[in-house]
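Two complexes are shown next, each including chain A; its partner changes from chain B in the first to chain C in the second.
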Partner chain A sequence: MNSFRGFVIKEFKQIYRDTRTLVVLFGMPVLMLLIFGFAIRNEVNNAKIGVLDLAKDEVSSAIIQKIAASKAFQLNAYLTSYDEVESIFREGEIKEIIVFEKDFARNLSRSGSASIQLITDATDPNLANIVQTYTNAIIADYVQELNSNSIPDVGIKVHSKMMNNEELASVNLFVPGLIAVILMLVSALMTSISITKEKEMGNMEILLVSPLKPHHIIIGKVLPYLLLSVVNVVTILVLAKYIFQVPFLGSYVLFFAESILFIVTALSLGVFISSVANNQQTAMMVSLVVLLLPTILLSGFIFPIESMPLPLQVISNIIPAKWFLVIVRGIMLKGSGILIIWKETAILIGITLIFITFSLKKFKVRLQ
Partner chain B sequence: MRIIKFLLQKEFLQIFRNKAMLPIIFVIPIVQLLVLSFAATYELKEARFALIDRDQSIASRELVSKLQATGYFTLQSEFTSGEEAQIQLDKGKVSFIVVIPRDFQQSLSSNNPTNIQLVIDAVDGSVANLINSYVNSIVRDFSIDKSASISLISPQNLQQASIKKISTQAINWYNPNLDYITYMVPGILVILVSMIGLFLSGMNIVREREIGTIEQLNVTPITKFQFMVGKLVPFWVIGMFDLLLGLTLARFGFQIPFLGSLTTILIIAGIYLVLIQALGLFISTITDTQQQAMFIAWFIMVVFILMGGLFTPIESMPMWAQKVTLANPIAYFIKIMRMVLLKGAGWKEVYGMVLIISAMAGGLLAISVNRYKKTSG
Partner chain C sequence: MSNIAIETDALTKTFGDFTAVDEISIKVEKGEIFGFLGANGAGKTTAMKMLTGLLTPTSGKAMVSGFDVFSQSESIKKNIGYMSQKFSLYDDLTPEENIRFYGGIYGLDQHQLSKKRKELIESLELEKVRKKLVGSLPLGWKQKLAFAISIIHEPNIVFLDEPTGGVDPITRRQFWERIYQVAEKGVTVFVTTHYMDEAEYCDTVSIMVDGKIEAMDSPDNLKKKFKTNSIEDIFIRLARVAKRGDR
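On to the complex of A and B.
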């Protein structure tokens, strides 16, 4: 036990004397949360648009004014003919061009209907969609004002209630995702590298001939990162709560228990990678390909899993971050208790156990 | 020249000798391109909902079948009480609840306003928004249908004449079906190539330092320049090779239209890869261990990816963040790739961005070559 304590102390010292990494290690989550909390949004801000006004009458200019006044748009170009559309889109700044037909106001007053064309640069389908929806809403508003005294109040109204996230704040959604990405980074990547480092430098032999048991070595290696990760979770949580006012409805105890579970999952993944890889470069590249992009893309962090094709939905089940995300979103935003999220928790425990078993099996006591 | 040749030979040997690395460099990026391109979509495929139908009338059934007919929504279960439905929502079994009031049909036929309540699980805000706007448009159509058939016999059709309508017609250029794959593949390809380039080059020199072999190199007559060339060229070649592989896959596998010129892309990619390598080299010169280098490279990569306009449009960021992306090389290259491949842009449209990338590459390369000292300690 004494030698184990000594080993753990050595590991801690090794990590904590490397100030540069420490600064990044502690600073990174803060910076990431700040950047993404403020920067990643799904609503549109100052999208540049153009107008091709073939009518130039009072109605078209009233609508243009309304659109230009909206925060979502920035009116940057006035076209004079259709031929300019292509060259403008090619330059890539303008995302939408609003075309008013000739005699717009006259058509509206005579036949009661007029039409507007919304030409979008749909290379980004998502943006094109959002921009169109926004424009449509502004135009619909205008029409309603126009008709306010002639339309009777009939028909079905939809009252929508957004549960769990009333302002649809993206940050509420991203915080759990960020926790997952950062924990993966700190726990899995760092452990896998630090164990393979011993192998690469030749220190593993020394460790193996020492009285330490293999599981002592592994536990000693992961313990400092476990601590670091917990500190990171606390930092993110504090920032999320006090700077971004992300609601926290559930129990803190449960949240930390689940976080530690996920950290252990990530650590065991790291240990597993290091038992497969022989040098740091390989360990790093493996962590990179199996961790970074899948954690961002297949966990539901940014893209909803329900939107994916079926095979990918199946694959997403083996991504630990997916389950962690469901759990954390549940706890933070819905106040779910263990009764609601026990299934996800069980799956996460299962994944962790599999990794631990595999890595214990693969961890060789002999080098050759 | 001979020295550079030998150095290159050594580097290539070292890379290709490592059997674990080969699949990582050549196979996994392709697999990722194949898999992840399909994952990156915001399209709403299918959402399940719970129904509380207090009316149980023909009209309410009609509306529910209208909702299901779109293919977006499936009725999961029907409840009589709000609490039960709420539990389903909390458990994540359903994405939203539709509540139809008791007097639904009666209000409709007597031309009175009526309400439908929609309770949406908005934990994922973008999905909630989509659901909300889809349901709204379905209900609006339904409502117009109903009131149209009623107003024929009501005095209100007299007023109908004075109602003004502005219809909008959406035209989507370059991508009329709003297909995500077309949009994502070039972007993901950029990310993959950048990751490989940055991580390999970032780790390389620092590895020599950590293992100690850098001292051996330092005492040889190799000049700084030769050393750098020897370190950069192999990964540049690998990066270009990966890019070509990815482009082939994009063209023939994903059927992405190549409207612009391939030569333009390749030339720009060449410059871009130099920039990425220079960045890796820079990381290499400011760190002492591979672990440090990796960690910093990862961090930079995550920031670049999430702020590169790949997944969330740069237009949706606040102004200051949009300004920050001006320093993000990945954002430029993704934009160039999309412009050239999908819109057929040529030099005239992209030369500004190419200049910026070149300047960044030159500057960063100069700094890191300058920082690398042939003396240690």
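On to the complex of A and C.
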């Protein structure tokens, strides 16, 4: 036990003395959170739009009013004919033009259907998509209102409601993903690098010749990173809550338990990589390509899994971060308890056990 | 108790169809300095790794400090010290911290640790640099420290894998004086080297070529047998026929 304690103390000293490691450990999480939180936003604020109202009746003006009242949009232009559309987009200010057909209200009352055309400037396809989705949501909302009242009482009440993430605030969705990325980075990447460093410098040989058992070596290497990762989770949570006002509806105990589970997953991956890689560069490349990229791209962090082609959707199932993301989004944004997320938790535990078995086996094989 | 520290019988290690160590049989007496010579790639390090329990032999027999390398490697580990080619100190720790860490790994308690630490810092003349990081020390100092650390738990046998690579003759000379001191206390020293002048310091010398031991005797007897007055001469004669080049 004495020797084990000495091991952990030594590990902390080494981390503490290596400035680069410290920067990655503590600087990166904060930096990433700030960048993702402030710079990369999926929601729309005050997107400038135009209207081409060929009907000019009460229904069309009600809808226009409703759209203009949304925080997402700013009604900047009233067009009089189709010919103006192209030139307005060319100026680049206006992102979307809403076109109401002639006799909009009459069509609606006579045949029960009338059409609105949404023309978006797709030079920024992502933004165009979001703007369209927003507009659709507002119109759908209006139609629902119409249907609930038999008399077309339009009113001025603008009411748009989406579940769970009312403002579709991207930072709320980013934070759980970011926790996953940072834990992968700190736990898996840093551990695999630090273990391969022992190998590269020849220290591992001495450790293996010593009476220390292999599992002591692994736990001794991994424990400091487990603690530091927990510190990182706390940091991100505090920043998210106080700088970005991300809601936290669920249980903190459950959240930390799940986080530690995910950290253990990442650590076992790190150990596994270090048993395959013989030097720090290889460990780093393998970690980045095999762990970090899928965590960012295939976990649903940035791109929704539902919109991926089927093969990628299947692959995403073996990405631990995918399950962790569902869990954390559930806990933070919906207040889900263990009864709701037990399935994802079980899958995560399964993946973790598989990786631990693999890496222990691999580590032992290498001794022979 | 027998007087034998290390004994192997047809010890062999193959990697796929490559035979790194080919049926070597050696006998090392207690308190002996055993020189293990060979060109690069001759199989010295592989042989040493088998004796220290880092590698499992493919076939043959080997006893180290009275324990079988196949079944009792845990007991062997407690009785041997090992200094690898890379000295294996932590560059980002101070000499003191290195001593404390490795001492701790070998199960020394706090009391023993602080005693050893004081002793080593003093005898290695490291007082001035004890708070500096090992990475900033000259190579010769690192080697001295690594050697001292490899015997911190007072093992019966110490394995040194090319301990004096890359330093000047004076530093090498000093290093060998330490080896003698340790051997005088009854510790068996098993050392690989490239330097033929170092071979002269050994009680027994074995020369390995292509995984086989081609000659093994005291330096004086070897010279008589090969009718020459330098070990280097013998080595070159034997190693010239080697088929394996540098690896």
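Methods note: the second predicted complex is superposed on the first by the 242 of 368 C-alpha atoms of A that agree within 3 Å, B and C clash if a C-alpha of one lies under 4 Å from a C-alpha of the other, contacts with A are read in each partner's own complex, and residues count from 1 in each chain.
By our rule, a contact is a pair of C-beta atoms (placed from the backbone, for glycine too) under 8 Å apart; a residue touches a chain by one contact, two chains touch by 3 or more.
Note that the coordinates shown come from a computational prediction; the quantities given were computed from them, not determined experimentally.
Trainee: Please indicate which partner A:36 is in contact with in the superposed arrangement: first for chain B, second for chain C, both, or neither.
Mentor: first
Trainee: Given the touch rule stated above, what does A:122 touch, chain B (first), chain C (second), both, or neither?
Mentor: first
Trainee: Using the touch criterion from the header, give the chain among chain B and chain C with more contacted residues in chain A.
Mentor: Here the partner covering more residues of chain A is B.
Trainee: Which partner does A:253 reach: the first (chain B), the second (chain C), both, or neither?
Mentor: Touch status of A:253: no partner.
Trainee: With the two structures laid over each other on chain A, which partner does A:172 touch: chain B (first), chain C (second), both, or neither?
Mentor: Touch status of A:172: first partner only.
Trainee: For A:296, using the defined touch cut-off, is the partner it touches chain B, chain C, both, or neither? Pick first, second, both or neither.
Mentor: A:296 sits against chain B, while chain C stays out of touch.
Trainee: Using the touch definition from the top, say if A:205 reaches chain B (first), chain C (second), both or neither.
Mentor: Touch status of A:205: second partner only.
Trainee: Between chain B and chain C, whom does A:18 touch in the aligned arrangement: first, second, both, or neither?
Mentor: A:18: touches chain B and chain C.
Trainee: Do any residues of chain A touch both chain B and chain C, and if so, which are they?
Mentor: 18, 201
Trainee: Going by the contact rule set out above, which residues of chain C touch chain A in the complex?
Mentor: Chain C residues touching chain A: 52-56, 74, 77-78, 80, 82, 84-93, 97, 100-102, 104-107, 109-110, 133, 150.
Trainee: Could you list, by residue number, the parts of chain A that touch chain B in their complex?
Mentor: 18, 20-21, 24-25, 28, 31-32, 35-36, 38-48, 85, 89-92, 95, 108-109, 112-130, 132-133, 135-136, 139, 142-143, 146-147, 150-166, 168-170, 172-173, 181, 185, 189-190, 193-194, 197, 200-201, 277-282, 284-286, 288-289, 292-294, 296-298, 300, 302-304, 306-309, 312, 315, 326, 329-330, 333-334, 336, 340
Trainee: Within the complex, which stretch of chain A touches chain C?
Mentor: 2-3, 5-7, 10, 13-14, 17-18, 201-203, 205-212, 367-368
Trainee: For the complex, give me every residue of chain B touching chain A.
Mentor: 18, 20-21, 24-25, 28-29, 32, 35-36, 38-47, 89-92, 95, 108, 111-129, 132-133, 135-136, 139-140, 142-144, 146-147, 156, 159, 161-176, 178-180, 182-183, 191, 195, 199-200, 203, 207, 210-211, 287-292, 294-296, 298-299, 301-303, 305-307, 311-313, 315-322, 324, 335, 338-339, 342-345, 349
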